[in-house]
């Protein structure tokens, strides 16, 4: 009996070795992913980056590197320490903070990866997207869809700082990443400034001769003044239990997401707002445009204030708090919702216990270490 | 031979009589519609109504009828004299001008026909649409989609006047018209004022929890300030050879038409603009919101000024002129484009001769008679 | 007082006369359509045509008229006696029965109106649609979408008879009807026979290089063998309380209707089937392909057998019976569902009383007269 | 000077260390993907697996493992040797060959990953998908969409062998993989056998009461007889220069792909067919259902015969040859086209040189080693 068992084991071992040499593997020895509640902790952890760290590092970077042929962009990528040295906060999205000093040009290039810019500081520099010059003001969202030529030029007197959000990890995981440098410095302007905003921007109207709907928004800039007004208007009439006053930027030609691979949201957390927790299969990278507060992620409290960034991996319970009793907080975020919706993979659950609120079990610093120490 | 012929004719006559009695008719005796250039003059002719006639008639109507259970609306329908007594300017669209005096209520009702209101005079009266109070200011477009309860109330000190545009002839031709009176005076408000504008109005964003796309715009009011700004913005960058600076109001949930049966446009004719002629299978009813000029329709010149209405039947050559050298003209119009697009029946041709401009062969008064004389 | 009243009436009368002369009419004197239950009897009544009448009339017509330049089609249109001399059974659809004798050609023409053919008798004649020859066998559905060149040729030894179903009244009511005769006899074949069936017909697959979706089915013939099998398969697993085993022909590029203006159904009523009554805003024109039974329409019983046609106006209560205890009945029908769905006008109610079955109050002959007497 | 340089280097080094400790990385030190022609060789190489290896391994596996609670599936996964030990042939798709012996049950489970089965050997075993029993015959395609309960049971006298194709690497890369075991052996049947085929299968018709369109095909089995007929029909009228007679299985409710994450094709290579080379951003896993021939991939010749599998990574030049002068070859394949189309990432180029044909520079064995030696 023992001999037979040994013999069977031996036979198996030979078999497993043989199939491996034939380029096969036994499915029954693979591990299955668990049901949702048993999902093993993703290596992409929740993350937080403080503005003071970012800003100081940008200032130092300005002394070391200058945008140009060698260093195309002076941008600091936000990395998830759980997946070092991955240069992305989540498994689908990158985020970086870019600075262009007065007189500098970040030369034109293009890539199949799509990008958004959310403007943080400075006023009046230009992003050139396929011949359309787009002027930048804090709070503006600017799109540079995949394979569009784009470069940046700062002719103002002050440094210009913005968030770059891209779908790089997604596109790379699909092996669809292509890049091409522009042979000259800046791909030239062929359209008036803010051309696409002039076509679609001020109301819900479209030129009668432009009837095509495309998955990529034909409007490339969403000005902050309108965005803020939208949120303040919505705040008067409705809100979400999980995200308070939250809006998705939309493609005026479809009413859907602005890009097929990346969604953008702006959230207003009203003074003293404390949302209920939920979780979903998508991930979000947040930038605190204004205000201060906390987000509790799987029991860990991340405190944030103006300028900070934080990232939420998929399937984490999370809830938001505005700590101010008088000032709203504005959170901009990128997400991979369009991907999950297109592929039929979006799932969401509400946190059922404790009236929807998690118990705080640790601070972010205590759980993940404070990178500044 | 003659006898045989006579005999055949006789046989035929008996046959034709017989099949008729059997509820049939010989297709070979039907007339076919002609090719486009041979389309027989439609009974729906181009029409023009002057604001002074309309306004004076409204004032007189105010002395005769009061909105209420007996006369639900004090509205003057614009009729096409070519198809008397048809109470509509085209075969698919109605247009009327409605006046509600201070203190009056036009009671709530609903019908499967969809309606739009374009505000002409007065400021601050309310249209109540399915519980949403919508305040009215000149230049605003307000939707009352099919089968929504709607009524009007004027609590201001001044008369309120607006255009009503409906799809009544279309819906009646489809035998899909239903009407229901509301048992009380005004269907009550259940939402804050301009609720849907608060949700969608100020920018290209949507509440994250409202992801459904519907053929009926969820936004029920398009304020003039935004519309005007949109046109002035577009004027800076682009225009159509046939319609100058023309925009279609859009459904924010789809980017398409605001209603499945009726489209709405606002056109800015720049000073001294003279467009090229074209024709299309759709028809338009125009209201001159501001400015003065002419539209040449199949060689007949219609001169229009602020407040006037005019209607273009399908398949007429038409071109527009702004007679002012300094002031823009703003033309609001309703059309049946969504129907023709959905059913695959839209066709359009550019006028090829004389550099795109028709020869004027008659004035409107000369051709169709001036109704005022 | 009496005088004042008289005076007011006089003032009103003058007003009404004046506004009429100005091309306007008072809305408050218009009649509104009623709520659904009060819909006044439509002039388009339910209709029935017997096959023996049709067939005998076709034979007589063959002696009188021959397809060619003068009489393009030897087709008998089915007319609704309620709307004489309207050559259509409903307000949106026409139906005719066409016969092409051996050796005859019905010459090519095209029109913006879309047509379907449902083959009744004969085997092997050809309909040529934009260069694609489509062979005809009883039970086949053939599409000739709007503005496609089409003609018919019978090179077989026997007469060929089919149903023509068109959207003529709809397209005419939209004033979108154009017609063009082909300068020669038959627009020539440029594709192999049944070309589009070869591309899409035998399974749920599409050529990988044909990815466009269009509102007009790229497949122009739906062969009877497949249709019958589909119905017999469906009968094994499911049915509708109102229509028994009923299927809609679909556009393989979208899964939706075959044409944007006209839908086609094939229904199998199982032996002794008696469906429940319902009503809807759309209308149907039925051809009894096989079997015999009755349809009760607003309490009036229409008895039908193979070859007969009958038409149901909108908003009539109707239920179907197969009178055979052994044989299925097959009902082909055309409808205006795509129009009502596109325009958001479709409504449907189930008959709530008497377990869903109407009381029969009259025979068709008793109510509407028997055209044969 | 040297000192200054040293000093700058030192400053930089400190900076790079610091930003890394702060969870950031300098974008300018990241590598960009190259333009398409410079794409570095993907670790996922072209692969080939011979049927004799697979079949012999399955027979050996039958002696070692039995489907049941411990080994849910007796399936051999095809692995890409370039990315050992990755159990998938491409970066988005898995392929495995499963065998169920007479009397065996592969117990029910479900997962968010979608699967297809393509039947290779045996006749009459059952796959149970959410209560629908689907019988299996060689050449059939069976879908088990994401999160559907599914299990297999073989009550026939012979082994049943099929291909399993899943989107596992894609779904895992999106961290959206969930799995749940069914508490009992087989999730029970609640529908008649081949229920969804009865609803949609035999022609282009749909039950009139089923009007919803979904991204997941409501028809779960595509029988071989229809598929073969479709290809033979198409071969009569059209073909692609790159794929000869190639068809995509379609979702009858949309006309599009059968699943949102995975497409399926069946290709007929006619005798002596030799297609032109092209490349695209998507990848394909092929199973040779019938016939023999070669596929040249980036100059490397893969010879294949009935039963073999081969996989093409993205962006490889490839062309197909049927070596037989009399017999067609049938190639089934899965691909990630729906993903690339939804996300706007599909790209394709034709091979421009040498009349579209690559030079063969190596055999598969010479380039990648023959796993059997």
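By written order: A, B, C and D. Residues from 1 in each chain.
Just so it is clear, a contact is a pair of C-beta atoms (placed from the backbone, for glycine too) under 8 Å apart; a residue touches a chain by one contact, two chains touch by 3 or more.
Treat the numbers as computed from the prediction; the structure is a model and nothing was measured.
Contact with chain B and chain C alike is made by no chain in this entry.
Contact with both chain A and chain B is made by no chain of the assembly. As a whole-number value, the distance joining the C-alpha centres of chain C and chain D reads 45 Å.
Rounded to a whole number, the gap between the C-alpha centres of chain B and chain D is 54 angstrom.
Averaging C-alpha coordinates per chain places the centre of chain A 30 Å away from that of chain D. Along chain D, no residue makes contact with two or more other chains. Remark: chain C residues 191-192, 195, 197-209, 213, 217, 219, 222-223, 226-227, 229-231, 233-234, 236-238, 240, 243, 246-256, 265-266 touch chain D in the complex. By the touch rule above, chain D contacts chain A in their complex via residues 8, 11-12, 15, 18-28, 30, 32-36, 39, 42, 44, 47, 49, 53-54, 57, 60-61, 63-65, 70-81, 85, 87, 91-92, 96, 98, 109, 111-112, 146, 170-180, 215-216, 260-261, 281, 313-315, 336, 338-340, 342-345, 347, 371-372.
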